[in-house]
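Sharing a structure with you now.
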């Protein structure tokens, strides 16, 4: 093996740069060449690719975003698009590909591998943490800390008033960010798609809290569980409480990655290179039970990962 | 003068605790006693008041919120409410009152002074910075930094995509936070109530930017200029651009105060005590042209402060 | 079981408050009473203890330090001191004790258990991460992020100059903080007590880097590996490079705990209560391979935990 | 005027990039061309210069350090060095020069102006804030916030122990950072070069505090007032108190600039371009009494700026 490609795809997440750095430096350390592919599969199709050197990844470990840029590619979903990408594989002499992204990106990589045989290794990079085969995806820890930081700030003002605060966090169809941020932030309620809830119940809990002397309540809402603004409106209608809503949105995707995300990204990136060198054909690297592990890409794509409801319940017990 | 009262009123802002600390310690330094009044004018009416000592304000200088809690009081707007407050003035032997808050709080304080003659000194504490007689109110610098931090994070992800991002910030009827955060954050557009704008214009600028190669645009919207969600919807309808919205909401009110806000709060708090000792009857302390100054409360209340449009234009020039 | 005690002991670490909150609320949830013991074993000996309620731990989850205060107790090392503590166990009717701290604290707790039979459960709380039986101790993740944040800032100025920067971090006799912060911060060299090094080697690497065009180098020094100032002096003498030293010191012990530390603290605190309720007599809770586990206190105390040298080598490879 | 040069020189400070961005964009807005000069006067001498466009300064407003790099130049102190720089002025067709830096940089710029007549405008950029003609230099507010953040963290752990903490901050021969950070951080003592102190006095105050029940003390030491380690040793010898030292060092020079520094940098940068266009020959822009002002460079260099001792005394009163 002499030359590998690397791209970031789908929604970006903090720590992707640390993963790129690890792949590039680990590969160069072992004598490989690395071709950086810009804007995800789009750049792969268009041949927007160039060699990366040690210096290409200097001083990026602490930067949010991805220096390779990212995009969602409609064209790569078509055989014609993938055929063009294959031309670039041949043109640049790639013998392996590292794809940093989420489910959608891995699906594309997996199909491409099946069609053309190029060895691919996926690195899970998404703040949503909704990828099987790894306990943590790169960016999740940073996103949770960003959400918790927001809850902290709201808590400051909450203790000065008598109000209900709603914080809408990301997570697509899952409640990973909501549960972790809600537990760590000491939120009174956490609304997630994995656990049914009714507004009546939420209001009942709020009223009980106020009767017991709670001066304020913070409710974390996963975007997959409903709109923060809509839920706020309903609570106000039913309880009359002054309800204030914060929608974090894409700021959860940015920021300097935490130490955890950088270390995870460094380990996964290095392991991805080792796997390609050892002849892996279609794998994802991940962290499971504290260890760096690999899983077949198809297995990753076939499974749905859901929130640990024990942790969800713990958050509820500790917020009494 | 032997004993003064202190309360925080209206919306809270980071740095209020630093101001409380300064008032309490400066007063004790000069041999005065200080009575802390809880929950703004509500606690004043209900007699929810207690003596403060040096230790009462230990380790609070870095805390957001206010240890005295705050509230908006409907009752203090009535003569009956104020009469009850006056009873507490007599019961606790107060000879002066320091009120930390905004316009509404100062209006109440001013009326109370006129009716009962109690000397009052206001300290401007609001993130909105919409108080005349001072260039900066306590909490503004912190709120701006919070908004800028959010813009930074969005910028990380913005450079990885091709999108329009909207950040809705606070400011009530003014654009102070929006202009400062937009300039400091390098936002492409800033929408404020003080400066008319049309969605057509905003979209035109966006399209021009994209044609020139801009990969992303960040638009800061002051809450007084419209709803971020609504403006985002309109931009998407007209341009087709993927538009993502962040609503910061009350998290702008929290957080550890910046050094600037703590120093301002310390200076204003100390000066407020000096003014009461020197026989001031109805003043507000502020910072103007880099100096600590005082203004008659009535003058403060009679004037409207607006954003410096030169700074607004500078932001626009630098974002080309 | 009706009543348990809780104390924090030894050096404090961020997240101890989150652990206290978890113990108190989980215990109350199960109908137990909790007695908070102040200033570690000192308060235990002196009877500086009082009941904790749900409200006692409100709004502390995000606070650094420990609301119970902590201390190192010489007196508890004596039979006389422990006898006095036992009197307080009887006086307050404690049937179990939760000790949050490190090795020294657990040694005291273990001896006390052997002498008097009081069931004890330890929760590992130290930034140094040098406790066996758990992959992470509470506070470690926060301390690493604090050190990484410092490295980030130095990196900013480093890229503008041509210099060698040394950052001395904590860790007692171990290099856990140094390795994690060095890897996550992208440091050029990491000096730890677990891995022998010579100044010649360090200087050789520095010179090689400069010849290859590196504009700056950041060296992380674990306090157990030597004095940052002394190492800086030696490097300057040998290479003539301008060498700047930062000593982080106790600021690594403070700060708002990260989400990771709060979640870990919440899980360990809740599990500690369960263990006492299930009749555990002398255990420590910890996190191993991603799971909450328990270990006999004696086993914890008998083992030495050392840095993963694979991670250390990875840091070195990625910093080429 | 058609073309101007810009360089950053001396120690870097956070916000320099925001100033570069403002100069470049304001100049281009007015139809000027801008040549970026690398590594301060060194690049000026060596002709390490290249044109800057709108895109050259995209996404740098929030970055610490300076994209133009900086250095101290011994060669520019010699007539031969300046003669070479003049050759580059002619080669690149520069009609004006913006120098972002401190006293030393302005001295060089002033001499160069006198010798060769090139119009120069200085922008004060140094964390030390020791430049006359401006109330604030770019980077000072960020450095103070960095120091205050460190004090906050130490305060967390301080409240859990019974100790004396020393934080050594930068400031060269002045106490600007120490006084601002000490006041904002609520430090018990502040040691600065502008105000004589004796160790006896410091220890006396410490002992008095402990007798009155203070659990801890934080002492901020300006580097110009002595070595933090040395002062810590002396305090320990005299009082026996456990004394812990943090040396912030160069991390004060880094970090994302605060909103204040970015706004200041934007305003000063824009004004510098206006001044050159209006025919200024040797000026420095600054902020005085809340306004953007200009001063003759020679006047700036002839004056010494010292700390406001009223603020120093206020810090002392509020820390009782």
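Letters A, B, C and D mark the chains as written, and numbering starts fresh at 1 in each.
Basically, a contact is a pair of C-beta atoms (placed from the backbone, for glycine too) under 8 Å apart; a residue touches a chain by one contact, two chains touch by 3 or more.
Please read these numbers as outputs of a predicted model, since none were measured by experiment.
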Quiz item: Centre-to-centre on C-alpha atoms, which chain is most distant from chain A?
Solution: D
Quiz item: Counting shared numbers against all numbers at the contact of chain A and chain C, is it over half, same, or under half, different?
Solution: same
Quiz item: With chain centres defined as C-alpha means, what is the inter-centre distance between chain A and chain C in Å?
Solution: 28
Quiz prompt | Gap in Å, rounded to a whole number, between the CA centres of chain C and chain B | solution = 38
Self-check item: Multi-partner residues of chain A (at least 2 other chains)
Solution: 152, 155, 159
Quiz item: Looking at the whole structure, which two-chain pairs count as touching?
Solution: A-B, A-C, B-D, C-D
Self-check item: Residue ranges of chain B in contact with chain A within the complex
Solution: 8, 12, 14, 63-66, 69-71, 146, 150, 152-162, 165, 215, 229, 244-255
Quiz prompt | In the complex with chain A, residue positions of chain C that touch it | solution = 18, 21-22, 25-26, 28-29, 54-55, 59, 61-62, 135, 141, 144-145, 148-149, 152, 155, 159, 180-181, 183-186, 213, 256, 258-260, 262-263, 266-267, 270, 288-291, 311, 314-315, 317-320
